[in-house]
Every structure is written in structure tokens, then in C-alpha cells.
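Shared between the two complexes below is chain A, which pairs with chain B and chain C, respectively.
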Partner chain A sequence: MHFGPHLLLAALEGLVTSAVLALTALGLSLVFGVMRVVNVAHGEFFMLGAVLAWAISTAISGHPALGFLAALVLAPLIVGLIALVSERLVLRRLNYNPEATIVATIGMLYIIQQLALTFYGPEARPVEPPFSYRILLPWFGYSGYKLWIIAASALLLVATWFVLTRTKIGLVMRATQYDSETAQAFGIPVDRVYAGVFALGAMLAAVAAVLIVPISQAHYLMGQDPLLLSFIVVIIGGLGSLRGTVVAAVLIGLSDGIISVFFSPTLAKIIATLLVAMVLVFRPQGLFGTASR
Partner chain B sequence: MTQPRAEALTISGLDCFYGEVQVLYGLDLVLNKGEVLCLFGRNGAGKTTTLKAIMGLVPSRAGSIRLDGKELTGLPAPDVPKAGVAYVPQGRRLFAEMTVAENIEIGLMARGKGKTTRENVLELFPLLRQRLRQRSGTLSGGEQQMLAMARALCVEPQVLLLDEPTEGLMPSMIAKIRETVSKLRDLGVSTILVEQRVDAVLSVADRVSFIENGRNRETVDVEELRADPSAVRRYVGVG
Partner chain C sequence: MKEASPAKAYTLHLGVIVLLFTLSFVLPEYHHGLLARIMVLAVFAMGYNLLFGYVGLLSLGHAMFFSAGLYGAGLAVIHLGWSVPAAFAAGLACGALLALVIGLLALRTSGVAFMIVTMMFAQVFYLIILYFAAWTGGDQGLVVPQSARVLVLGDTSLGLTDPTVRYMSALVLFSIVLLAALGIVRSRYGRVLVAIRENEERTKMLGYDIFSNKLVAVVVSGTICAASGAAYALLFGYVGSTFASVQYSILPLLWVLLGGAATTLGPLIGTLFMYYVVDITSGYTSAYLLIVGIALILLVLFFPRGILGTIRQRWLGWLP
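Up next, the complex of A and B:
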């Protein structure tokens, strides 16, 4: 294969990574932005999404698209519910204290992981893609499902952007993010907003996992890479900035795809981490973040 | 007191703490209906804490705060504005990244007020109407103060709490803010005003409470104070 098509293939692979990463990182970014909680268990919500997708799609017989669609709707809802319960049981009781919640979410990480190991097992299990159409390009054939991931993720990102900037729910979330005390003085029930945002963040991770699981596999340890990459994306893009998150996700995803194909995946990770270090030194608020108030 | 009037807000025996540090010591305060009551005192005397305690933003350990007979202490903070108290915090505390229109929208949402309220408020601050789509953080200081007051008035409050609204503004703006406070009194809004400037106090207040060390030392009519401003010197040390 010539360089051009090779690059195109690498870029497409990178975009698939970007798409899933953008959704996952957006969840992390929302939770930190609004609640000031660093959710170390974010990757486990991702993993739960994938594991539940497997459970749901195998429970439903018939065409694989049916099971997948059910998983796409149900898995994020269940994960959101689990996040809601853990928010009420743990984070709220810690008063959302920034340090305490880091330790608490590390604990949640292990609890969720071990529960998955106990009930789901150590195997990596595949989920059948809803369709297996291949798009034939002049140089190579490419999975239609992967392109669909990119489209679906873009759609979800636009929907999230719309909710945040154009609806009352978004207005309430942004008000809580900027100044939770003043928000309360205007009747905004900040603790209910927190609960909703935590659930929403987890649901975004779960949706991303359901999208990716047909081309990877569900495994109880699969939450670690998305967590690390989400942190990288959020730091580079700037916390609480939706635009920054998307741009950084595309940047990291594409460079990961291209560098992995032409050089090695390790080099891709090295460069991404170096980029984080550079951003932290020269622009600590991130590329699109605003300096702290 | 010249004539007995109905009480809009009554605070009695209020104790407040920041962590273990006690800030208010059995504070008593009465705000009559339709008056402007000024809280006057040094930095750290407890004026802002009193306002925050009314809003439920600082928990009170003892005492009571009653709005027209309804107990406010113990209410979750978001329920206080719904009961009819609006707050203009010190330093304005606008949602700076949001537009003027969005800030106003948040005020309206507090008690589910709609277009008519919005129009009335914009009538009061016509300048804001031209700036609706502007990011509120980019407004001038005076405009920001107007927006902070507009946002609070969107609650259609019976009681308005103003924390140093003239701080850092130029004289023409200060005059405008004062004018608005008087206008609101004519509309029947009862106001608690925290002020540091004697001239600002004398020109708008009906009564003045001197706050010192977390206690209300004395409440006097403004005419008395005009006739004998010695109290100002006694509690604040300026005059």
C-alpha cells in the first residue's frame, strides 16, 4: 500500500479512537468542571458500559442489531443509575471535598472492578456488531461500523453541546459550575445538579464503551486506558471546555492512530504524555480552558 | 421609631459559625415592610454573614429568621429565594461567562417568573436591554451591578438583600444605584443594605443598624443620625 492510502487508513483508525475518547473525556470533564470532583472511577463506568452491553446483547436473541440497540439504550441508563447511587452514598456524604473524593473514587474503582470480575469473570468477550457492511475504497475496504461510530459519537457530542448551551438544564449546570453559592441563592438545587451531572458523566463513558465494544472486547480491566487517555485529553483541552475536549480528543486520537501505524503504539503514548507535560508547564489551564477565577 | 409597622423579616438570637469560629452572637434584627434598613459596621463585623445566613448559605446554629412569619432557618438554601428573598452578593458574583440574558434567565427561573417580570426589570435598567447578548463579564462595573440587581429583581422578592452595591463604582453610577433603591422602596420592596459609606447610608436608608462583633448594637432612625452623627464615629470610627 502506498503512503497516501496508508495515511488515510491510519487517520480513520485515529478518528474512531478520537470519537470514543471525546465522549469518555467529556464525561470526566463535566464532572470535574461542575462538581470539582476528580472521578478516578470514570474508567470503570466505561468498563461497566461494555460489560453490560455484552450481557444485554447476549440476553436478546434474534438479529445482532436488536441486541446492540437494546444495549445502546439500556447499558448507559443502568450505569447512570449506579453512578447516581454511588454519588448519593459516597460523594455527597463527603461534601464533595476535592481530596476526599479522589480517595473515595479510587475505592469505587476497585469495588466496581472486583464486582465485575466476580460476576462477569476474567474473560474478554466480544459483542457482535449490529451490521457488518464494508465500505470499499479504491485502496482498501473499511468497516462501515467504524465510520458509524464516528458519526454516532459526533451526533452525541452535538446533542450534549446543545443541552449545555441551549437548554434550561444546561443553564443550571453552567451556573452551578461557575458559582455554586450564587446558584443556590437563585433557587438552583445544587446537590441535585451534582447528582445529575455525575450520572450524566458516567453515562457518556458508558455510551462510548457500548459503541466501541463490537470492535474491541468487553473485559473487566478495560477501564484503565480510557481513564488515562481521558485525563490526558481533559488536561490538554482545558477542564470544563467542551470545545477543548473535542479538539484534544481528535488530536490525541489522530496522533495515536497515525503514530501507532507508522511507528509504534508506545511512541504514540510517549508523545501524548509529553504533550501533557508541555501543556502543564506552558499553559496549565489547557488549550481552551480559561484561567481560574 | 416613629410609627409601628408590619415586620417583613425578623431575626432573633442568631448564632453563626464559620467552622469553629463564631461570627454572629445572638444577632437581633427587624426589617419593616417597605423600608430600607442599612447595616453599618467595620470590616469583619458580621454584615455579610448576616445576609448569607438569611439566604441559608451559612448555617445558623441558634436563633430564628422569619420572613413575614414564615421560618427560614433550616430551609435548604435553594428554597430561600423561592420564599421571596433575593440576594445581590458583594462583588456582584455574576455568572461572568454567561450572557446578560442568561443571567436574567437564572433570576427568572428561581420562582418561575416570566415575560412580564423580565419586561418590568428591563424597564428599570434600560441599558441592559441593549446588552442582552453580551457576555456579562465584559460589562463595566456599574453595568455589572445593574445586572446583579436586575437578576435579583427577577425573583420578584418581598425582601431584597444588597451587599455593598456601590463598592468600586464611579459617582454617577452610585447615584443611579441609590435612585434604584429608592424606586424599589416606592414599589414596596423591603431592603437590607450593607454599606460602608456614610453618605450613601444617609441618603437612602430609613433606619440604620450598627453591627459590631457579630451583634446588633443599636438601631436608629436616619433622621436621628442626621441630627447626631456621633454613633457613626462610635461604631465605625469615621464620620
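Up next, the complex of A and C:
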């Protein structure tokens, strides 16, 4: 294959990564933006989404699309419920203290990971894609499902953007993010907003995982890379900024795809992580964010 | 915190050291070996505690200082054939240098950003170890040959593989660091650190240079952790990338939280307790990370002060 088609393939792969990454990182960013909580267990919610997708799609017989659709609806709901319960039981009691919540979410990470290992096992298991249509380009065939991932997550991102900026719920969330005390004084149930945002953040990660699982595989350790990449995206995009998150996800996903095709993946990760740490040190508000209040 | 009477505090600490010394002759072989390991790791926890407990800086990347000592000492023995003292010094130097660089960068941030930045630097360090697998052994790690782990003092040579020598070396390192920690905490400098933790703005206003005080704390903390890592490589003869992974940044945090942050003996108690909990439960289940997770959540929810912190608050106000 020549350089041009090779680059195109790398870019397409990168776009798929970006699409999934944008959803996952958006969840992390929302939770941080509104609640000021760094959710280290975010990657585990992603993993739970994938594992549940496997469980649901194997439980439902018939056409693979049926099981997949059920997983797409049910898995995020279950993950959201788990997040809601853990928020009520742990985070709320810590008064959302930033340092205590980091330690607590590290605890959640270990618990979820071990439970997944115990009940799901150490194997990586595939989920059958809902359809297997190959689009034939002049140089290579490309999975239609992967393109569908890009479209689906773009749709979900637009929907989230719409909810955040054009509805009452979004207004309430933004008010809480801007100044939770004043919001409380105006009768906004800040406490319930926090619970909802935490569940929503986890659900976004779970949806992303359900979308990606037919082309990767469900595994109990699969949450680690998305967590690190989401951190990177959220930091580069500016903490709590939706537009920044999406732009950064596309940037990171594309460069990750292209760099990993041409260089060693470990080297790519070293460079990316180091660059991001430097961004955080020298430009804490992110490349696209505005200075913090 | 009440004004501590120096005599009481020093008696207690010397008592703990004497107790550990006596235990060496009493303990059965298995627990003897375990306690030697715990003392070395308690040094790691003490280094962590200096920064987390006293300055209030929560780092999620201390595994890199531990493994800087581990690899600094281990690789010097394996690839360069250095003697034990020289290798130990090399480990310390690596840790101190790394801590200086990381401190200069990471201290520009604070709060949550500090945690994430330290975690990311530690991740880079971990990936670098994997990337240079030709020298570091990658995720397989390397074994430090037994023949090289001999400490030559004058005419006598002590094999560090011998259980008694190993235990006593661990005890010597532990005692030095424990007494040094007590000294630092009781010194003028220790009080400045606590003042920074309690109110950074006010301490600044009183004319203290916050940045350089914090930087010294990061370097001292990093060097102590590197000492622990270097001792681990030389005493137990294994150098591996697991020690650089995120998990080994979380463990000292857990040990310190459990034993009691900002107490001098807390790190030892936390390490001892957690090590035995994991040791005992691993007889029943392989899911020891589950225990770690539950312990972390229960601690932050119900015992944010840890074991010694609670004791100090309730009964023994003089506890350092």
C-alpha cells in the first residue's frame, strides 16, 4: 500500500478512536466541571459498559443487532445506576472534597476491577457487531460499522450539547457549575444535580464502550487506557469545556492513530503523556480553556 | 497538637526500634522475612508521609521515586558491577535528582492539578522503563545476582541474602529514617511545613518562601523513597517495572492514611497492618485489590485521621 492510502487508513482509525474518546472524555469533563470531582474510576465505568454489553448480547438470542441494541440501551442504564448508588453512598458523604474523592474513586476503581475479574474472568471476549457491511474504497475495504461508530457518537455529542445549552436541565447544570452556592440559594437542588451529573458522566463512558466493543473486545483491564486518554483530552481541551473536549479528542485520537501506525505505541504514549503534563504545568487552563476564576 | 515533651517522644521511638530489634530473635522465619520487607516499605511510606502528611501535598506519583532508587541501585550493580554502598548511593542520587526536576515542574501547580501532574510524570517514568526493556528487563524485570549482593566492611563481608543481615540492614535504614523524620518534624523547618499545610497564604505573608520550602520537602521525600527502593533492590534482589506502576503510587498513600497522616509512627503501623491484612486474606481469595479498594473508601469515609491520628486526637495528645 502506498503512503497516501496508508495515511487515510490511519486517519480513519484515528477518527474512530476520537469518536469514542470524545464521549468518554466528555463524561469525565462534565463530572469535573460541575462537581469538581476527579473521577479516577471513570475508566472502570467504561469497562463495565463493555462487559455488560457482552453479557446482554450473549443473553439475547436471534439476530446480533437485537442483542447489540438491547446492550446499547441497557448497559448505560445499569452503569448509570451503579454510579448513582456509589455517588450517594460515598462521594456525597465526603462533601465532594477534591482530595478525599480522588482517594475514594481510586478505591472504587480497585473494587470494580476486582469484581469484574471475579465474575467475568480474565478472558477478553468479543461482541458480534450488529451488521457487517464493508465499504469498498479504491485501495482497501473498510468496515461500515466503524463509520457508523463515528456517526453515532457525533449524534450523541450533538444531543449532549443540545441538552447542555438549550434545555432547562442544561441551564440548571451550568448554573451549578458556575456557582453552586448561589444556585442553591435560587432553589436549585444542587445535591440532586450532582447525583445526576455523576450518573450521566458514567453513562457517557458506558455508551462509548458499547459502541467500541464489537471492534475491540471486552476485558476487565480495558478501562486503563481510556482513563489516561480522557485525562489527556480533558486537560488539553480545558477542564469543563465541551467544545475544547471535542476538539482535543479529535486531535488526540487522530495523532494517536497516525503516530501508532508509524512509530512504537509506547514511544507515542511517552511523548503524549509528557506533553500533556507540560501543558498542565505551564498552561493549567488548557489550550482552549479560559483562565480559571 | 499539644506541645510534645521531647523525652517522651524519643523514648517511644527508641522503644519501637528496640522492640523491632528483639523481634528479630523471636519471630518465626516466615514473619521474620515479612517484617524485613515491611520495614523497607515503611521507609517508602515515611517518605510519602513527609510530603502528604506534613506539607499536605497529595502526590499520585511517588512510585517513580521508589523505582528511581530501585533501578538506580539495581542497574548500577547489574550493568556496572558497582559495590553495594556505591549502588545504594547511586539509587539515592537518582531519586534526589528526579525529585528535584519533578518538584521544580509539579510545584507550579497545586491541588488537583498537582495530583494529576505527578501521576502523569510517574506514568512517563513507567513507560520509559518499559521502552528501554533491553536495559531494564521491561515488565519481566531483572534479578540482582546473589554474588553481587555482598556488603564489604573492612575485613568482614556480609551477604545481604542472609536473613539476619537482611533484617538488620532493613532495621538500620528504618531507624535512621524514623529518627530523621522525628528530627525534621520537631525542627523549625518541620513547623514551617505544617504552617504551609494549614494556611499557605498566611505563611507566605509571614515572609516564608513557600516554593523553596516545598521544593526541599519534595526532594527530601523523594530521596527517602529512593532509599527505600534502593534498599529493596539490594536486599531482595529484584528490580521490576511493577514497582513503577500507578499501584505503587497508591499503596504508600493507603499505608499513610491507614496509619495516620502526619504522625511519625503511622507509616510503619499502616504498612504493617495492610501487609498482614493482604497476607491473611490472600489465603482465602486472590482478590486482594478488592481489600485495598474497600480499605481506601472506608478510611476516607470514617477514619480520615487513620489509626495513630485517632489515638492522638482522643488520648495521647503528645504523640509526634
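Methods note: the second predicted complex is superposed on the first by the 290 of 293 C-alpha atoms of A that agree within 3 Å, B and C clash if a C-alpha of one lies under 4 Å from a C-alpha of the other, contacts with A are read in each partner's own complex, and residues count from 1 in each chain.
What we mean here is this: a residue touches a chain if its C-beta (ideal position, glycine included) is under 8 Å from a C-beta of that chain, and two chains touch if they have at least 3 such contacts.
Quantities reported herein were computed from a predicted structural model and do not represent experimental measurements.
Look at A:100: by the touch rule set out above, it reaches chain C but stays clear of chain B.
In the superposed model, A:282 makes contact with chain C only, not with chain B. Contacts of A:190 after superposition: chain B is touched, whereas chain C is not reached.
In the overlay built on the shared chain, the residue A:228 is in contact with chain C alone; chain B does not reach it.
Contact with neither chain B nor chain C is seen for A:123 once the two complexes are overlaid on the shared chain.
Once the two structures are overlaid, the count of chain A residues touched is higher for C than for its counterpart among chain B and chain C. In the superposition on chain A, no chain A position is in contact with chain B in one complex as well as with chain C in the other. The residues of chain B lying in touch with chain A in their complex are 55-57, 76-82, 87, 89, 93, 95-98, 102, 105-107, 109-111, 151, 155. Contact residues of chain A toward chain C in the complex are 36, 38, 90, 93-94, 98-100, 102-104, 106-111, 113-115, 117-118, 228, 231, 235, 264, 266-267, 269-270, 273-274, 276-278, 280-282, 284.
Across the complex, chain C meets chain A through its residues 58, 60, 105-106, 108-109, 111-113, 115-117, 120-121, 123-124, 127-128, 130-131, 250, 253, 257, 287, 289-290, 292-297, 299-301, 304.
Chain A meets chain B in the complex at residues 168, 171-172, 174-175, 178-179, 181-190, 290, 293.
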